[in-house]
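Which chain is which? They are A, B, C and D, in the order written, and residues in each are numbered from 1.
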Amino acid sequence: MTAHTISYQESTARERLQRLFDAGSFEEFLPPSERVVSPHLGQLNAPVAFDDGVAVGRARLHGVQVYTAAQEGGFMGGAVGEVHGAKLVGLLRRAVLDRVAAVVLLVESGGVRLHEANAGLIAVSEVMRALLDARAAGVPVVVLVGGANGAFGGMGIVARCANVVIMSEEGRLAMSGPEVIETASGVEEFDSRDRALVWRTTGGKHRYLLGDCQQIVADDMTAFRAAAHAAVTELSTASAALTLDALTAEQQLLEQRLARFGAMSEPVDIWTALDVPDAANLPMLGADEFIAVAATHRLGV
Amino acid sequence: MDWKTLANTLFPQGHAIVERDDFLSGDAQVDGQTIAIIGTTGHTPIGVEIALAQAQAILHTVRTAPGRPILMLIDTQGQRLRHRDEMLGINSYMAHLGKCVDLARRHGHTIIGLVYDQALSGGFITSGLMADACYALPDATIRVMGLPAMARITKVPEERLTELAQSNPVFAPGPENYWRMGGVQAIWHDDLPTQLQAALARPFTGDRRSALGLERGGRRLAQPVIEAVAAGTPWQRHDD
Amino acid sequence: METLNYRFEHGTRRLQSSPQVVGVVGSGNLEVLIEPAALNGACTIAITTAAVGFGPIWQAVMRDFHGRWLLADTRISINDMGATPAVVSLRLDQAVQTMLGDAS
Amino acid sequence: MTVAAWNTLQQNRAARLTRAGRELGSDLAGKTLPAARVADLLHAVLECGDRVCLEGNNQKQADFLGHALANLDPARINDLHMLQSVLALPSHLDVFERGIASRLDFSFSGPQAARVARLAAAGKLNIGAIHTYLELFSRYFIDLPPRVCLIAAEAADRHGNLYTGPNTEDTPAIVEATAFKNGIVIVQVNRIVDQVPRVDVPGDWVDFVVPSPRPYYIEPLFTRDPAQISEIQVLMAMMAIKGIYAEYEVQRLNHGIGFDTAAIELLLPTYAESLGLRGKIGKHWALNPHPALIPAIEAGFVQSIHSFGSELGMEDYIHARPDVFAIGPDGTMRSNRAMCQAAGHYACDMFIGSTLQIDLQGNSSTATAGRISGFGGASNMGADARGRRHASPAWLKAGEQARAGRNTIPRGQKLVVQIVETFREHMQPAFVERLDAWELMEQAKMAIPPVMIYGDDVTHILTEEGIANLLLCRTDEEREQAIRGVAGYTPVGLGRDARMVENLRDRGIIVRAEDLGIDKRLATRDLLAARNMKDLVRASGGLYQPPKRFRNW
């Protein structure tokens, strides 16, 4: 039988926690046996999950203790409700109290859980604030995006509040889902069934080239583990907090992005403008080939 | 409400706010001190340009007017729903705005939000909800989406949602519900200048919205869950 | 939603491990939470399911599950989103095997 | 005394051509006319009441011509009798809605099935009969020759020679039946060339060529994303390979279209390989170029494939594997639905495919109330070939099992396997006391219930609960209990006689996974040779290029 790599995308949140960190090291806070479920879903006759779609706790990464959370995309698309969001906030606050080396967030989420709309919206903003509190306290945050549901809505924003984002090509990082845009603005605006276009627009490769993610890896647990470890190691010697200089630089980066590409409508045109050779063929390249071609052309380094 | 009417009511001592493509910026006099004004109007959708303009204005204030309080005036229909904005990474622009608000706070700026008309999901989350505290006018609309759309997505009949919204602030739009959940610090019913002065004078003591949600009965589980996780204490059931 | 409760006596196999959860509450899937509990030797199964009206089928699936493993002093809790009996049986077996694997 | 006229068809054809020539004038260059004149052409050559064959199957579509037909003036052209293997597009039913056509003989209407039923109920569409593919093609030659056919080709030259390329599909059967009964052959082509890569249809069988403003529509019907294969399907695929493929040494076969059989294809290079079955099973196929079969081809399982049609994105891969596929001198594949249906019927030892409902006699149906969907290829593939005389180990073994203990002359039998989970999504049971086909029969006033595969042709039913070998059953009661015995927790399954089912298991009529020595814990997606579309691309060495809707890169 052929030897397989283990797919990050195919793994459940709990499988990811088992496989990303040192074997058996994950220790859960407020585990499913506590049955802290959503107080709102029942009224809508919707099923609940014993962990409300997120597992939070601590684990070791090559011996280094980190705090971690993994959102389960299979449960309501990983969307953030009251309890789900509160678990993330609690984890980030505890990371500050315990001064851990880093927080590693395995993000897979459509954003605010519409069934708990208002509570979800406030909860996501609380997660953003708690994440930035952690950074201000010197605890770096690393976000991994590689699940089938991507990182959308508020969680797409949360991801970009972290120190480092690591993506696979299959991962997606954006704001509004293509179906939402198609519904609101028509199929001419965004054909959500054109999956190649969806991935060109929101997928890992495009985000890597624009500088929205710092590392791109193959859809392989081992690759994510290595990249997460490298990121945590590198961040251990840097300052985690936001600075005026860094945000001024980000302001310039985003202004330049808008000036250079704002009139374009096709991601391949952006890649071509970045002088990436044979830009149209980029989607066909494996992660290593892609990095070899793209690393010297990407923005934000 | 028209932003000019609002500004004239809010700043009897005068203001110099200009509007450019639905983006508001400038300053105003409150209780003898100058505060910076940043905001949006016309229910404008928040696309990459206007997110960037707001961030720029905040960074400019931090750089040129250390410690000057900032008031964000909020009126938006939410994030702009365009392929082009997604392609450009609108979430990064939104996050950048949120981070600039956070930075301003950490640099000693009091920064508060006021929803004077509409506040919807993505347009609200990196502005008013990132401020030290967010306030609202009584007639403001705050929501993630309308009940009809919510009914379609959740497949729960709209009548049932409407009924649930009577008792559970999670489902229905409106500043009252956000107040009950702690997302809105207070609703300014009258005497706006005094309310604003008091808000600017309020010391910031961290993000207390989940605690407020518990006190006010709008979000009963968020605070206990945060505490249980953060403190590592055993879970006490909160089934009341 | 529908809730169903079953209690089986005369089990012989006791599980020692800490609680485990297997599966995901997604369409056509379910999560199984399995934990040791002092139940006077019984195995209880509490099901919350989005698919209403399949009580007799659940009863038969649970009876066969108990026949396979004969668990004692075990509490099983299920959140279901319309999983077929095949998937239900598979997740239950996986849950028990996870417990046994950890115990050995 | 009048002289009998023996050439009315020729005269009628000549009159039609004259009308067309007069109408089109100088716009007709040889056989070619501009797309803008297609309605004038159709108005000129068609006559009310004509039998018109519109090429359209579950893959390629003469959609430009079909759309033109649907927009004709019903005051001038009406009462057409449509012949079509598949009704796939809305325009296929617009012709009935608008009164241009009134009668229909067809095989399959999958996506339009509900509209077919509505139009039939409204009296706008009279169904002659619902056929299997071979049956419909056969009638084109006997009692339903088209007066006019509207077909699609890749390219034509100035003489009307056609290149139909990898997606030749139904074209040869339609053209031959029309051209040699003095009908009119009209073709839409993607492009006009000086020289076609190869001649699939000779120019003197073709009357009019229309360059279409856009390439003909084609549906990637046989692409299955491995990411959607469940672990239950993996388990069933393991049981199929060990309990049927290996058991009967099945070398020549056809697979259905679903994820169940895609799982089998993806387990050949892994699970079947581990059982030492390479070279022993699955060597010769009547099959569309399934992307899911790429890993098995690359692993050396597959020697040859003959195809009903092609599959979008597989062109370069097929071109690079000329030993496996049917390749013309020009380097591209040739498919032929009629030939492949015949080949699948006579030269395959096994058909395996999925279904929606199975009753207690083993009758299998995809009919549901309110939808007149007809049949795909399964009816011809999944029927014992009574005309078959050549022997093979699989055919002989099936025949022996069916006849053991009976005083009959030795004879083989085709293996017809229905692979199905006991419950479909939304907990719909696959096993029922009474097929929905009966209700549909009453609704649509059919002569007989539309059964896809008759119970007496079904030899095995495979579910996640096990395999029921119906060949070994000796009484109707045994057969019913064998079916109940693999029907799991469906009401049909729960209604089984437990003691009798255990007895059937002792006799090997019911075989469970554990009886086959299959460890259910190994039934994970890790066994799949490809777990997503990209794995298929990798397995093909980059030759396979999936349509954009199947990509996540």
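The rule is simple: contacts are C-beta pairs under 8 Å (C-beta built on N, C-alpha and C of every residue); 3 or more make two chains touch, one makes a residue touch a chain.
In this text the structure is predicted, and so the values were computed from the model without any measurement.
A.B. asks: Taking each chain's centre as the average of its Cα atoms, which is closest to the average over all protein Cα atoms shown?
C.D. replies: Most central by this criterion: A.
A.B. asks: Could you see whether A-B or C-D has the larger number of C-beta contact pairs?
C.D. replies: Answer by contact count: A-B.
A.B. asks: Indicate the whole-number Å distance between the mean C-alpha point of subunit A and the mean C-alpha point of subunit B.
C.D. replies: 24
A.B. asks: Using CA atom averages as chain centres, what separation in Å is found between subunit B and subunit C?
C.D. replies: Their C-alpha centroids are separated by 45 Å.
A.B. asks: Using Cα averages as centroids, what's the distance between subunit B and subunit D in whole Å?
C.D. replies: 58
A.B. asks: Please work out the Cα centroid separation of subunit C and subunit D, and write it as a whole number of Å.
C.D. replies: Computed from C-alpha means, the inter-chain centre distance equals 42 Å.
A.B. asks: Out of subunit D, which residues touch more than one other chain, so two or more?
C.D. replies: Expected reply: no residues.
A.B. asks: Could you tell me which residues belong to subunit B and also touch two or more other chains?
C.D. replies: none
A.B. asks: Would you mind listing the residues of subunit C that make contact with two or more other chains?
C.D. replies: Residues of subunit C touching two or more partner chains: there are none.
A.B. asks: Report the residues of subunit C in contact with subunit D in the complex, numbered from low to high.
C.D. replies: 28, 51, 54, 56-57, 60-61, 82, 84-87, 90, 93, 97
A.B. asks: Which residues of subunit A touch subunit C in their complex?
C.D. replies: Listed in rising order, the residues of subunit A that touch subunit C are 12-14, 31-33, 35, 42, 45-51, 72, 74-75.
A.B. asks: Looking at the complex, which residues from subunit A come into contact with subunit B?
C.D. replies: Checking each residue of subunit A against subunit B gives 29-30, 34, 36, 39-40, 43-46, 56, 82-83, 85-87, 89-91, 93-94, 97, 112, 114-126, 128-130, 132-133, 136, 153-154, 156-161, 173-176, 178, 180-181, 184-185, 189-190, 201-202, 206-207, 210, 212, 241-244, 247-248, 250-251, 254-255, 257-258, 261-262, 264-265, 267, 270.
A.B. asks: Across the complex, what residues on subunit A touch subunit D?
C.D. replies: Residue list for subunit A touching subunit D: 1-2, 4, 7, 10, 169-170, 193-199, 203, 205, 283-284.
A.B. asks: Please output the residues of subunit D touching subunit A within their complex, sorted ascending.
C.D. replies: 227, 269-271, 273-274, 525-527, 529, 531-532, 537, 542, 548-553
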